[in-house]
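Here come two complexes built around chain A, the first alongside chain B, the second alongside chain C.
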Partner chain A sequence: MADRSVYFWPAAGVIALIATALAPLFANDSVTFILGLAMIEAVFALSWNLLFNYTGIASFGHAAFFTLGAYFVACAQRYGWDVTFPLQLLVAFALGGGAAFAIGAVALKRASGIHLAILTLAIAEVVRMVIGYIDYVGRDDGLGGIPRPVVNLGLATLDLRSSSAYYWCILVVCVALALGLWWLVRSRYGRALRSIAEDAERATFVGMDIYKLRLFSFTISGAVAAICGGLSAPWVQIVTPDLSHWLHSAQPMLNTLLGGSAMFWGPAVGAFAYSLINYSTRTLDGVSEIVVGGILLTIILIAPTGITGALESLRRKIFQKWRAASPWAQVRVKGEQI
Partner chain B sequence: MLLEWSFAIFSGLTLGMAAFLVAAGLTLVFGILKILNFAHGTFFMLGAYVTYSILGTESASMAAFLLATLAAGVVVGGAGWATDLVIFRRLRDSDYHYTLIATFALLLLITGLVKIIWGLDFRLVRPPEVLETTWFIGGIFIPAYSVFVIAAGIVVFLILDFGLQRSWIGKTVQSVARDPWMAEVLGINNRVVMTAAVVVSFMLAGIAGGLLLPNQSLSPALGDVFLLLAFTAVIIGGLGNVRGAFIASILLGLIESVSTVLLPDLPGISIFVALIVFILVRPQGIFSGAQ
Partner chain C sequence: MKPVLEVTNLHKSYAALKVLKGLNFNVAEKETFAIIGPNGAGKTTLFKVLTGEVPCNVGQIKFRGTDITHQQAFRRVHSGFGRTFQVARVFPSLTVAENVIVAVEARLRAENVRSGKWYHWRPAAEVRDEALHLVADLGLANEAEREARYLSHGDKKRLEFAIMLGGRPSILMLDEPTAGMSPTERVAITDLIRRIKSERGVTVLMTEHDMDVIFNLSDRLMVMNYGEILAVGSPKEVRANKTVRDVYLGQEMAHA
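Entry: the complex of A and B
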């Protein structure tokens, strides 16, 4: 192997994954809780970036799908619907995908750019208001006291009521979803999406159906966001209409830019970094907004490639000498992909 | 029944003019810089807080009220100059997504600052003495302050429209909006024009904050309410179109107040439904093409 630097990202990923998996064993409850949320927000941000970086669409109301999934699982758990938890997550996935397909089918045909941004924002606001009118889901107060599930597997039962058991459940589902998205962006669909994000006009010219591809991406993204919401409901144990507030829609945006939108894992890195920042500034009203707004602004103005972008250029610098000395250097430079 | 309707129409006009006062600056800056400023509502709120700090919660004289409002306009206009210098100018050539998200970050930053300086409490400010009365005309009560808001909206609209359509300044600004490259060739300093547009837009936000301060519950959430209303007005009126925003604001106010009469159980939703329908059916706004 000529270039050891290619191991940098996989190694970092494996270390991060092991650390996250072991967290409930040595971290206290509040840190575990925040890490669980961070995993969910990480996948939520990855689903947003599927639209932003890989398809060239900015959704400002992505939280609407998250809310849909969260409320479905919340109702199912709270009112004891006769649906097992894995099936609940699948239904949340289907609901989110169905809603995204229905909205996207109309919206992507009629609107783009700024209009699409405002449209998605308005739809999320409507979701928030409609939930506030429905007695069954607790109006503006939301649904509280959501129990964590016990899954019956036939031969054995999986008890997820304890905090650490549900934490590992989140970990497994989130890793599966993230790998699924990772596979998607590397498949031929992912490459087709990339091409329309880069230059929609040329993609049309070579015979791609832009509308269909965008709709496909919008549907998958909405479905993943809904499953994230479904996972979060038993973890936080309360759902409120504010899940669909535009501040929550801004969360994946923020995580994505913080981590770096150009690399697939950037949004996930951003989600964990944001949780860290938020955890350390949580005490004073207003400070968290200043810190978050200030960081976001600084990133956009000074380092638009985010944390992973900065690390990537660092990686290149460190391994540059090694690479230059290698007889493979010329070959790699020619065939290099980011 | 008739009284109920005439009252609904009157309050709709008041709400519409209030929305226009906020939307005016938003649509102006979009028309010239093609920037949709998410932070506009926050700067409106900042203007309201500055006016409050000068006046306090008690009724002031009309002159003091107007002066305080003007001061808020100057302070927020200064903030606009700084924003242009630090943010808008640097992002002028980048993808519009980044500008959108940058103004969103600014929204968070200013909201946080306001929370630290003025706290989270709700405050109620009384209107100036002259405007505290209520007239009883044709069977309905008409607060003088509402009449003042409607008048202020019309005056701001007339000044903006006259300034943009008739004066040489307005024509210069329009030429920069239409074709910045050609304007530059003709010797117009685009930079100055754009900065001036941003400053005027922010000043309008600050002045709107001052004018609409009385009878509002002043809190850090004030900006959000008016931002979405103003967004809707700007979209329905056609992005960047001042006349469109004026008509759309009136329309929105009427939609909201009529739906309060017809659907009292579903407050607030009609505006969003109107917004969604408009984006899908007529994304270019009610006056297509006109600037």
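Entry: the complex of A and C
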């Protein structure tokens, strides 16, 4: 008899996806808005974890790429540039990737570990400062009143101006990006990246150009973060330099810690859990930050492997108990190679 | 016979500390060349310089006639270097099979050989076959799907050999292959090295502290002390050398 509990994660994933997809039909506007943001933050966190868990690089300034994508799409929408929305997202992808490539090409050559973390942190702060000096993008006030797009597909037009239409657009893009990352970490490149994360020197001596592979990972990660930014601008309808604040760079880290870095979907689970905690404490005037902090601290102390890590060990435990109690247990153990 | 590895006037110092003081030696095709010497003699540094982990200050290293002095470590691997570490280093959270698959795939990437469709997750059948064959060849067939972190020290060493052979090296650089092992394991590893040598016709360059292993395996020995070469020669010649006896082997060994 096969281990039925292997269906736990796929089933949970499908249910979560269906629930998220149907949310605009049932939930009120503010819940829908928060879910849309959570999806974007989820993919943002996944792109950060591609670096952290799968390549062994800690970036503390990941929000810089997010900001780049957000400001590009914001300008294009606000000033009515003649670029269709899908192309805007692609350009955001390219911009983020290009910036990550340029930064990574210099930074990854010299720095690793804590040095790289501080370097990326500094770059994100510089981005925030520079934006504050540019009139065209509204200096410290940012750009507000960003219209949502209407996409002309030739035969038909896709009107994304309504909140639910744009929500589904976010859903489709986020699912596509997440599946792309999921494929990447499982492919042969993902295997190579994982081996670098485990032991970079050892990886060098199986003939891997670790600089090149790290740069590849950094570029992809930056590009995905920029698309997330691009998606967020018409959703929130305002962009401010604070998108590049270190607090925003810390968001994917927090989501990853909360959800668990070891499993691929951990950061995404963390992003939704964080939104839930934030939303349910919103009425606690004045003490909500303290309550949120307390809840996060408790979860991380109780489950150092994050929510997914805790669920995974629970799944295994329950399965083992069930198997031990089963009359087939003895027969199976004899047949297996242990 | 033309030497595989030619080392000329090799110097290396860390700040004011001179670790290697002008080494000259050659390693011939298909021989087992062992480097011995007391702790602090510069064996490990020499090893690191040869494999490309640290650059040398002065001197030249030639591999099969090509100057590789300034070549990066991974490029040396592409041209035929294989390496094991003093304390076995594997990829702990990858399975035993994946450890070797990663090495085979890295080799294919370096050779620009396409294995399977680009969008396939799973390693191509031929990659998997080659890796599993190596895993089985080193006696780890039953462990193939286990995470490497759970292996015993001896098995980790075997896995490290499998990872190395996945790169199809022509010269094996073994840094104390039997360090920290029980006498039985030591004999097993010695036999393994001999078998790999006879099956694959590779050159072996090793450092080692265990004299049984050294005299058992090596065709030629190089004795180092304070960054200099004391003696080079067959085990017999080295054993007869008076300076070597005084510095390293001691009287007992010389009569053994």
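A few points about this structure:
Convention: the second predicted complex is superposed on the first by the 300 of 338 C-alpha atoms of A that agree within 3 Å, B and C clash if a C-alpha of one lies under 4 Å from a C-alpha of the other, contacts with A are read in each partner's own complex, and residues count from 1 in each chain.
Keep in mind that, in the parts below, contacts are C-beta pairs under 8 Å (C-beta built on N, C-alpha and C of every residue); 3 or more make two chains touch, one makes a residue touch a chain.
No experiment lies behind these values; they were computed from the predicted model shown.
Once chain A of one complex is fitted onto chain A of the other, the partner contacts of A:E289 are limited to chain B, with no touch recorded for chain C.
Here chain B and chain C are compared by how many residues of chain A each touches, and B touches more.
In the superposition on chain A, A:R139 contacts neither chain B nor chain C. When the two structures are aligned on the shared chain, A:R315 is found in touch with neither chain B nor chain C. Shared-chain residue A:I210: touches chain C; no touch with chain B. Of the two partner chains placed by the overlay, only chain B lies in contact with A:I123; chain C stays clear of it. Contacts of A:P304 after superposition on the shared chain: chain B is touched, whereas chain C is not.
In the superposition on chain A, A:E198 makes contact with chain C only, while chain B stays out of contact range.
For chain B in complex with chain A, the residues that touch the partner chain are 36, 86-87, 90-91, 94, 96-98, 100-102, 104-116, 119-120, 228, 231-232, 235, 239, 265-266, 268-269, 272-273, 275-276, 279-281, 283. Touching chain C in their complex are the following residues of chain A: 183, 186-188, 191-192, 194-195, 198-199, 201-210, 337.
On the side of chain A, the complex with chain B involves touching residues 52, 58, 106-107, 110-111, 113-115, 117-119, 121-123, 125-126, 129-130, 133, 250, 253, 257, 284-294, 296-297, 300-301, 304.
By the touch rule above, chain C contacts chain A in their complex via residues 51, 53, 72-74, 77-78, 81-83, 85, 89-94, 98-99, 101-103, 105-107, 109-110, 115, 119-121, 123, 142, 163-164, 166-167.
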